[in-house]
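Single-structure report; data block below.
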Amino acid sequence: MFSYKIDENLKLVLPQLHHAEEIAAVVRENLEQLKLWVPWATDDYSVDSAREFIRKSLKEFAEKGNFGAIVILNEKIVGAAGFHKLDLTNKSAHVGYWLAKEAQGKGLMTKSCRALNAYLFDTMNLNRVQINCNIENVKSRAIPERLGFQLEGIHRQIEFFNNHFGDWAVYAMLKEDWEKVDN
Amino acid sequence: MFSYKIDENLKLVLPQLHHAEEIAAVVRENLEQLKLWVPWATDDYSVDSAREFIRKSLKEFAEKGNFGAIVILNEKIVGAAGFHKLDLTNKSAHVGYWLAKEAQGKGLMTKSCRALNAYLFDTMNLNRVQINCNIENVKSRAIPERLGFQLEGIHRQIEFFNNHFGDWAVYAMLKEDWEKVDN
Amino acid sequence: MFSYKIDENLKLVLPQLHHAEEIAAVVRENLEQLKLWVPWATDDYSVDSAREFIRKSLKEFAEKGNFGAIVILNEKIVGAAGFHKLDLTNKSAHVGYWLAKEAQGKGLMTKSCRALNAYLFDTMNLNRVQINCNIENVKSRAIPERLGFQLEGIHRQIEFFNNHFGDWAVYAMLKEDWEKVDN
Amino acid sequence: MFSYKIDENLKLVLPQLHHAEEIAAVVRENLEQLKLWVPWATDDYSVDSAREFIRKSLKEFAEKGNFGAIVILNEKIVGAAGFHKLDLTNKSAHVGYWLAKEAQGKGLMTKSCRALNAYLFDTMNLNRVQINCNIENVKSRAIPERLGFQLEGIHRQIEFFNNHFGDWAVYAMLKEDWEKVDN
Amino acid sequence: MFSYKIDENLKLVLPQLHHAEEIAAVVRENLEQLKLWVPWATDDYSVDSAREFIRKSLKEFAEKGNFGAIVILNEKIVGAAGFHKLDLTNKSAHVGYWLAKEAQGKGLMTKSCRALNAYLFDTMNLNRVQINCNIENVKSRAIPERLGFQLEGIHRQIEFFNNHFGDWAVYAMLKEDWEKVDN
Amino acid sequence: MFSYKIDENLKLVLPQLHHAEEIAAVVRENLEQLKLWVPWATDDYSVDSAREFIRKSLKEFAEKGNFGAIVILNEKIVGAAGFHKLDLTNKSAHVGYWLAKEAQGKGLMTKSCRALNAYLFDTMNLNRVQINCNIENVKSRAIPERLGFQLEGIHRQIEFFNNHFGDWAVYAMLKEDWEKVDN
């Protein structure tokens, strides 16, 4: 029902339970890729897993203001983008995202994250937006680099899944950075 | 952030905490009219009251799927429209709404409620949508009548506020009615 | 332990867990009839279902003042009568009931509901008591009609069970009606 | 609404919120006496205190099966009697009571506690009923002694109020005792 | 991590989840003896049962100040000792304990309970410490008797397990007793 | 009651409510220093604030295994040290600490944090321990540097208090680092 229009073909949509089947389908189609980078992408990912994501996303939105939106290109779900750990005291949040293979290489996630930045810095008046990427996930790291985030550090062995500890490249943009960028 | 576009100028928007000031302002401007018809419109209506409405609305959306959207005309809040008592067992819901005086007489609420009907009957696949109007509220009653709802009964003395018991005209539309209407 | 005496042979009793076996037995004996009219009467109705009814009834009584009493004729459970949706702001409640076939035709439920009316209007000082009957349930509709309730409307397709949508005849009595009736 | 009849004039009644005023009045009339023996009888006992007792009593009844009933003589509240610590594993409960001065000396509480015993041993099938009395409260201790309870011990300095530690005389009756008594 | 040293070889330790395996092992080794006296010692006692004990013990400590510590002799778990029903209004608590067969006869539990007494009377400033022993458990009764507790009564048939009702010998020590004892 | 001995004079103690007065006193004596570095050190810090810290610390310990211990030197409270964000999936935790001015310069906190490391890496079998220090807090940064933690990055403007955004120096030690250090 509720969406945020980015351009003629692209929008962010607050997920509702009737999206569960389509979300599960696109996750399953991209499972091999997703399994490399996110712990929630497991071989038993199902429509119930998607429902769980939707319920959690709406609950976070209602209770804390965080949201996980689905990315829709030409009326088809192609990924998700949102933020969590919204902290109004310290005026910060963490952005996260993933995109189906078929939709990559068109700048869609860069546009989506720029829209999130605009919302977080301009509407919510935050001071700091952080993005954590697996150090080996080159495509994911390209987003904050393209948007002008600064690499602040490498956190070693900070996340365990697929039987090994992964490192994070931690990027952040400050409000003062955002205001200098020509968006 | 998230909205449902009805036409070029009109949209339904899921309220967030940053809307509280504007909601409180428009409620206070229309307080004399609203006090006649709804129990929540009281002389002490404040930004905190609006925040309470927003929190409750988002919580209902997350937990039960009900929502109370704000109606925005040309980027200005002019009312609210939504539904509650969503009942997936009996496939029914109750629609409610109010509109600022300055925005009345232009068919905005008829369009908004038609959009809600489309969502409830077509997307949510409900079978029955009910609207309860105070029996003396002629403008409010015009909405279900214009949309083709059927008057099913008068519930006497069913709501107490402003020191008297008010009657409700109870309207309902069934899915079979909706499908016959030329929307 | 606790009862409300209606006449020498008839009383309303607040159910306790030790009543579960007898309640389940009388529900199961009347299952064919009950299944036509109430969604909770299902083929797997058991002593646990009765315990659930008892716990819910006592919890409602403790938290909201609503109760579901069992109807006892000559020390034998023959049905249930009570009210729910007690609303002290709008001074209203909804009455509901069912009676075993063997006990029908003796005016027992009319007496029981008159006792509930006396409690709701006189002790609780309510203004409106509502009874919703399935439109086709002639015996059930006879109760509010005999007691002087007014038919306020027909709500179409408002309840789904047994694979079809049923209509409700909605009856209500106001305090001003009750005081005119010669009880 | 709901009561247990002991004899023509005497009954135990499950308290409801509309009893709060009368309960508060009788407690306040007997405050000097009650303050000697029970910690809840304080100088600021009010209608709200009575409402709190009623809510707690109904909640205990709904959740655990314990109750605190009011004792009514000729339609006037004259005390309370009930039980707590209902333990279905060990088949035991603790009985407690108090009586207004004007109603004392007529055997009312002995009758009331005999009715509680009948309920606890015969209906609930318990094995042990305990009564704790302040060691100096001669009138209170007379009840278990008259009913055939056995004094099992003296618990020293076990309850603190009114700025000193009081001792308890602990009485108990077993099911085997109850069945020998000619009630 | 956290312990209370009694002497060179003996300490009380707040249990943590990593103790579960060792606790389960010592309980299982002593099951025949424990089954005679405590209801929680059952044939299916497992590492999960020990985890449940640990979680409950830590929760009680955090929320109410009660604790159940494990008794460690030369870095080996040999029993448990602690208190429950801490009551700051009436300044009282109940002490409980058990000891593995191999560790009995060395005065370890007498030392442990003396340490608990010191904590309860001196640090927590309580007025009364109670110990309930099964009347037939001679070894358990020796502890309060050796420490100078007074036998206050015999509670008949107060605990049901192993298919029969057991009696309790109830012992208590008052602060005034404690201060007279030469500890 | 419960403590972890580091050396003859130094121990970590799980705080209990009876420590509140002494904790509040030492915080207030060190308030000017603490206010520079931690948001909870405010001008209205009171015994109630200390009680809140204790309750939260015990609750975290019981529910999640995290703890905040008090550091005791020669029976006097001189600071606190503990860990939070215990994450058993990713096998990590964050250590935090503060020390009274009078106790600084003696290596007490280095010893305390080495004890925490031993507990986290050896007993809890974690893989990563993180310490976040305000970038300007030289004394605090000396602890992880002395213990062999690695500086992984600088998080800019990540914490807001005292009316400005502070930066964090983020240090971490891995299990593989710990095992190489000669402790």
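Chains: A, B, C, D, E and F, in written order; residue numbering restarts at 1 for each.
Convention: a contact is a pair of C-beta atoms (placed from the backbone, for glycine too) under 8 Å apart; a residue touches a chain by one contact, two chains touch by 3 or more.
Given the structure is predicted, the values throughout are model-derived calculations rather than measurements.
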If you apply the touch rule, which chains end up adjacent to both subunit C and subunit E? D
Distance from the mean Cα position of subunit B to that of subunit A, given in whole angstrom: 33
Where the centres are mean C-alpha positions, what is the separation of subunit A from subunit E, in Å? 53
If you average the CA atoms of subunit A and of subunit D, how many Å lie between those two points? 62
Two or more other chains in contact with one residue: find those residues in subunit E. none
If every chain is a node and every touching pair an edge, decide which shape results: line, ring, star, complete or other. ring
Which residues of subunit E touch subunit F in their complex? 1-5, 12-14, 16-18, 55, 58-59, 61-63, 65, 67, 69, 119, 123-124
Subunit E residues within the subunit D interface of the complex: 89-92, 127-128, 130, 150, 152-160, 165, 170, 172, 174
